[in-house]
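For reference, the structure I am asking about is given below.
Which chain is which? They are A, B, C and D, in the order written, and residues in each are numbered from 1.
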Amino acid sequence: MEYKDQQLTEEKVFKDPVHRYIHVRDRVIWDLIAAPEFQRLRRVKQLGTTNLTFHGAEHSRFNHSLGVYEIVRRIMMNFQDRVNWDNEDRLLCLCAALLHDLGHGPFSHSFEKVFKLDHEKFTQRIILEDTTVNQILNKVSPNFAQKVADVIAKTYSDKLVVSLISSQIDADRMDYLQRDAYFTGVSYGHFDMERILRVMRPMDDQVVIKSTGMHAVEDYIMSRYQMYWQVYFHPVTRSAEVILSKIFQRAKYLYENDSYTFKLKPTHFISFFSGTVDLQDYLKIDEMIVYYYFQLWQEENDEILADLCERFINRRLFKYVEYNPDPQINAGMELYQLFKEAGINPDYYLVVDSSSDLPYDFYRPGEEEERLPIHLLMPDGGLKELSRHSDIVESISGKKRTDHKLYFPKDRIQEIKDESLKQRIVDILYR
Amino acid sequence: MEYKDQQLTEEKVFKDPVHRYIHVRDRVIWDLIAAPEFQRLRRVKQLGTTNLTFHGAEHSRFNHSLGVYEIVRRIMMNFQDRVNWDNEDRLLCLCAALLHDLGHGPFSHSFEKVFKLDHEKFTQRIILEDTTVNQILNKVSPNFAQKVADVIAKTYSDKLVVSLISSQIDADRMDYLQRDAYFTGVSYGHFDMERILRVMRPMDDQVVIKSTGMHAVEDYIMSRYQMYWQVYFHPVTRSAEVILSKIFQRAKYLYENDSYTFKLKPTHFISFFSGTVDLQDYLKIDEMIVYYYFQLWQEENDEILADLCERFINRRLFKYVEYNPDPQINAGMELYQLFKEAGINPDYYLVVDSSSDLPYDFYRPGEEEERLPIHLLMPDGGLKELSRHSDIVESISGKKRTDHKLYFPKDRIQEIKDESLKQRIVDILYR
Amino acid sequence: MEYKDQQLTEEKVFKDPVHRYIHVRDRVIWDLIAAPEFQRLRRVKQLGTTNLTFHGAEHSRFNHSLGVYEIVRRIMMNFQDRVNWDNEDRLLCLCAALLHDLGHGPFSHSFEKVFKLDHEKFTQRIILEDTTVNQILNKVSPNFAQKVADVIAKTYSDKLVVSLISSQIDADRMDYLQRDAYFTGVSYGHFDMERILRVMRPMDDQVVIKSTGMHAVEDYIMSRYQMYWQVYFHPVTRSAEVILSKIFQRAKYLYENDSYTFKLKPTHFISFFSGTVDLQDYLKIDEMIVYYYFQLWQEENDEILADLCERFINRRLFKYVEYNPDPQINAGMELYQLFKEAGINPDYYLVVDSSSDLPYDFYRPGEEEERLPIHLLMPDGGLKELSRHSDIVESISGKKRTDHKLYFPKDRIQEIKDESLKQRIVDILYR
Amino acid sequence: MEYKDQQLTEEKVFKDPVHRYIHVRDRVIWDLIAAPEFQRLRRVKQLGTTNLTFHGAEHSRFNHSLGVYEIVRRIMMNFQDRVNWDNEDRLLCLCAALLHDLGHGPFSHSFEKVFKLDHEKFTQRIILEDTTVNQILNKVSPNFAQKVADVIAKTYSDKLVVSLISSQIDADRMDYLQRDAYFTGVSYGHFDMERILRVMRPMDDQVVIKSTGMHAVEDYIMSRYQMYWQVYFHPVTRSAEVILSKIFQRAKYLYENDSYTFKLKPTHFISFFSGTVDLQDYLKIDEMIVYYYFQLWQEENDEILADLCERFINRRLFKYVEYNPDPQINAGMELYQLFKEAGINPDYYLVVDSSSDLPYDFYRPGEEEERLPIHLLMPDGGLKELSRHSDIVESISGKKRTDHKLYFPKDRIQEIKDESLKQRIVDILYR
């Protein structure tokens, strides 16, 4: 029997707190899960530093990837009488779901920002270059790896396949909302996924939702909104992210500064500092490795690097105040000067962080990060864009909400000896 | 106001998936949670290698420690009208609950076994020696740290206090059963804790259970039984533990062998290898550090060390068969020889692992690991040991169940070139 | 000890699926629960005919009343250090919570509409007139019954007390949303009540919400919105309500029609038909009694009454189409004539039903059914009306949504012999 | 298309709190659910008087019947590749599951005992005699109704079909344990049904369980044990049952006593009193009807009947003490005399009630109510009876536990004027 048609002699299951069980029958899927590049996702947390705010959130991207696979598997079962896909098409959906986050590095957001990397590119490379995952995909058919990569890159010709893992209501989002809610323990993030799966219909190049299921979709959109503001953009988590970025930034700075010598040579980081990362370097770095360096760097001679690492490891985070980005109003420049006067390097200890979210939006061509809008399938067979039919969604549609905060180490300010200087800083911060 | 009586201006809460919220009012507790030695527990998983079997089980000992604190806090609220404790007594219970696992190292079980360590001793040392935790406890009262250490060591004079965190139905067990069930996602591990808390009564030197709550206690005992065999002793988890032990054993062997030079000097491990661990060494090692070494050791020259590390990191675990420890029946010695012949070092690749559990037992003086039995408070005011009143508990009481398995790398056996030798090994293993 | 201060020797609990346990310590509460007028609530379903749509929704008003009591009990515990209430004040809140729905009759909505009754008036009368409940309240203090009645009528002087059970975020609503979600099994209706309780603050004459809890309140408002449209206004439930109203209307009509003699004399209904209901009559009628009559009336000689009762008992409900109330557009009058021609009495078999909901609204003086708005307590100590701070709430605030449907027996139309007449009716209904 | 092969144009679902959704595709099933005999189950509570103890337990047999159907539907999906059944065989399983409780009358246990009825016989009759259900089944095939009746009667030739709804681990039990736990709110009753369904295998004439699922089955057996003693045999529920039986007994006695005339003629009961019940009489009586009579009988002239009805309606139940059935020890006869002396009719006011349960038993031929034992399918393909493989089950296997209680109205005893007589009664009861 061809490799792509091989079934396990007995279905295997993974116990999963969110979907109860994750079912695997295809040999290809089983082999991919066992591949080292996929196992590596066990060492990358799904929510980066969120566990410093919500202590339950220690789940890995390995978890989430299995979950997305499982949701797509269930959608495929519902679709089997409605689409004309052969077994390779089916496998394509499952593999793309399983592997869509394969390129995530440690603490993705901060890491990528400082080192100018893009995890999506690494997902492509892991799938297409010399890896165990690539070997497995090649056994399915000669251009299968490329197809999987295309689906994940959203460039695949059959947009219906793409929309399963990349639309405003895709398996990716449905999994992470529920999973992150479960592990953090918050009461948001619940919606009736079983009903949504039942009202999904494949239609030409997209997945549409029968209009009888509109309320379940509204509930999903609201869950998403709440999770963003209550969990993903939680100000304490962002404080940890700020410190993380500053550690990477400082270490890079020191590396580039010839006069500084690290006590511990940052072997794993060198190609990142120098912008010469190859695939093997990338695969070798995970959150365990990063934590190792941070722990050791607490004893570096550079006070800023040592201090920031100690803060991160011992969770002595920065405090924050609301910040108005309008330069007329805010006193950013003034604070910058005052911090300098106080001997607190503002490049590392005075940080503006902004978060913004667009809870739901219909398609606006040319915009970055566009996701396909949600279309309802009306009783008369026509399609209607969700926000035209739902008051709730209409009311939040296209409203980008942005939140700016100013982060700083309150303890350092309290230690300022010059009382008048200290008072001026405090007055500006808390006025 | 004295330090021990200081309250936070506003109650703080941690969102917890198991207890919904963990409430902190005492400044002492707040400060202890922020101490580096307590934050370190974030980097030690509650269930060691179990996440390789149940992917959700990535929760840390930090989680569990907060949970035990919260349960004791609730018990104290129920007890407040029934015991004559002052505020320091109350704090003592809370601190002992919070800190009871403070000395756990990475992958406790295997780590301690190979390096002959005892995490309980380190818990004592962290509380009593020069640490942030110790400084905080000292501010409560001069001998407070010692008291906390005594409660955890079960040597404290007021046995009622001891029994809160160390009996057959203590806050420790009630938290971990529920927490481990939640994060693994298994359906065992649930029992009606709210009811158990409500029927607990302080009585002289122990906590007893009103007999009307007996069924809730039965349910708890059965949960415990199921969790042990379904989760804690899962054969796949034990396979990972076997490999872990063998890695530590091999690394120690190589270190002691003068002719071998590590590519990466095992700095963090040296005092463990040489048996000269001091408190600072111990506090520096956590699971992040261990993972770092394992990843690097995959490239060591020693084939056994490199292979075992690669297996652990990529989850290429050993397979197992049932094993009868009776030397008359088992063919352990024969297999040992055959493995040698096949060039597979049996000291590292042929391992017997045994697990055993005593679901519930009444007191048997002199036995190791004795925990106080559960006493029911009968309507007539008398006490009755649980197994004398419950058929279910009686039936499993004192029955130690042991399970032996033989672990080995199936892939290596399949690669044996000498077909007849391979066949002999296979025949013995699977006869 | 005075009656009002008497405590049960041991706290009693009721197992409750929503709040886990309902705790009773006060003898007054215990006695009220045992009173026949309160036990009667076991025979009135919380959601009337909703169980014909959601089969799990068979829970009684007894359930809900205990739940509201329990929520107020928990609020009181949080408030105890923040308000200056004596024990009688505390009991007043608890009693008002427990008894607020005491006057509900069978299938409240339809029953009250047809017989022009008001359950709130009967709540008052049961509390104030000659009943066991009244006797118990009188033992607390001479004017205690009146106070309880005033709180429920929202006329009590201390508006803080009133707002606990009657505001836009009161114990009544918090219980029913969660309870109705639990018993129907829908995934809406969940919100973080524990958090809302923790951020509630008594302030002058109202309960306000600390602004840090705003998101939990948003979630509650959205739950309410979804429960209304997904459960409370479900078109199938409304179909059953339509039939119910028509049964009451027809029975009353027949009673008033001297030429008709009931096979079964409608003893329990006579005072309702004649508008001379006294308290004893009212207390004697419950849903069991109504069902008894409906079952017997299936065999009445009046075809309409018998048919409607058979439909209700056997769940042969009316079908529906959307209905535009604009007389320019709808063909109501035309259908009315056509039904007559077809021999289907349109007064009973052609019914427009409208539902409308105002998800959240701030105070508009003079409006019927006004509930107090929700005020947030800002960090600076000021108050802010919720919709001015929450985008989500602002977007749905004050937006009354109304839905009109036309109900009719599809089976009767299909049986029309005159094919052309039948076709005309079908064309209008489904055009 | 033949009736039996007709599918609904779109799958219909019922929202169910226990199984989330109940799915219906077959026209036959849809029609059966709409039949008046099946709708009647809405008016019979699943747990009779248990709602007087656990107020949430107001769910109907309609609920449970849908649940059993749904479980069998899921089992059939798992079995479809493993058995050789045609569509009629499949429908047979589904119909038998749906209809297995069709003959339950109001408050089954007490009602049947007093009137010497057997609900299983009525299930047969409703299926086989002149009913809507029978007409529907006849349309499937000429002997289909008989087949369904045979499956329910356990006399059908294919024992595999029988075992789906009638064995020690059948769909009936799996539904009611979970459902009753959900509605009462107790924490027992949970087990991993999804796993049990996955390890069920059809094998010759029975369903066996793959041995890898043994622990899930153990958990199920323990759930069953706990539900029996914590819920089904709860002493307060039994008190209500005792009163119920005595009401029926007294009413029958009065009916048979020519000198007594009922104020309200007990029309619905007459054929029950006289032992001449026909199917139409039986179908007309439900719990609504019974409640109606009880409410009216509160005003009967017979003091015993009126008192017992008032107690039942207002939940003024009997109290109880433990009772030793050994005539040497108990003082039953003495109490009987003393009650008589005190003017409290012991035939109605002094009642021994016994409950007993056999948590699990293997087959013992000739015993009443035997259910097939559970067989494990071992890795070697052999079968092993569960209790031979599970320590837990072995320990409770075949152990019949019986509990005897003596019920009486404590209030009546307290009202006895003769202090010495009162004291003698109290002394015996509470010695």
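The criterion applied here is as follows: a contact is a pair of C-beta atoms (placed from the backbone, for glycine too) under 8 Å apart; a residue touches a chain by one contact, two chains touch by 3 or more.
In this text, all values refer to a predicted model and were calculated from it rather than measured experimentally.
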Note to self: Quick check for the class: compute each chain's Cα centroid; which one is farthest from the centroid of subunit C?
What the structure shows: B
Item checked: Chain pair, B-C or A-B, that carries the greater number of C-beta contacts -> A-B
Margin query: Report the inter-centroid distance (CA atoms only) between subunit B and subunit D in whole Å.
Written below: 44
Notebook entry, point to check: How many Å are there between the centre of subunit B and the centre of subunit C, using C-alpha atoms for each centre?
Noted result: 52
Note to self: Could you work out how far the Cα centre of subunit A sits from that of subunit B, in whole Å?
What the structure shows: 32
Checklist line | Residues within subunit D bordering two or more other chains | finding: 20, 186, 195
Check: Which of the residues in subunit D end up touching subunit C in this complex?
Finding: 14-18, 20, 34, 36, 39, 42-43, 51, 54-56, 58-60, 62-63, 66, 182-186, 284, 286-289, 291-292, 295, 313-316
Item checked: Contact set on subunit C toward subunit B in their complex -> 13, 20-21, 194-195, 198
Next item on the list: Please give the residue numbers of subunit D that touch subunit B in the complex, ascending.
Entry: 186-188, 190-192, 195, 215-216, 218-219, 222, 225-226, 229-230, 391-392, 395-396, 399, 401
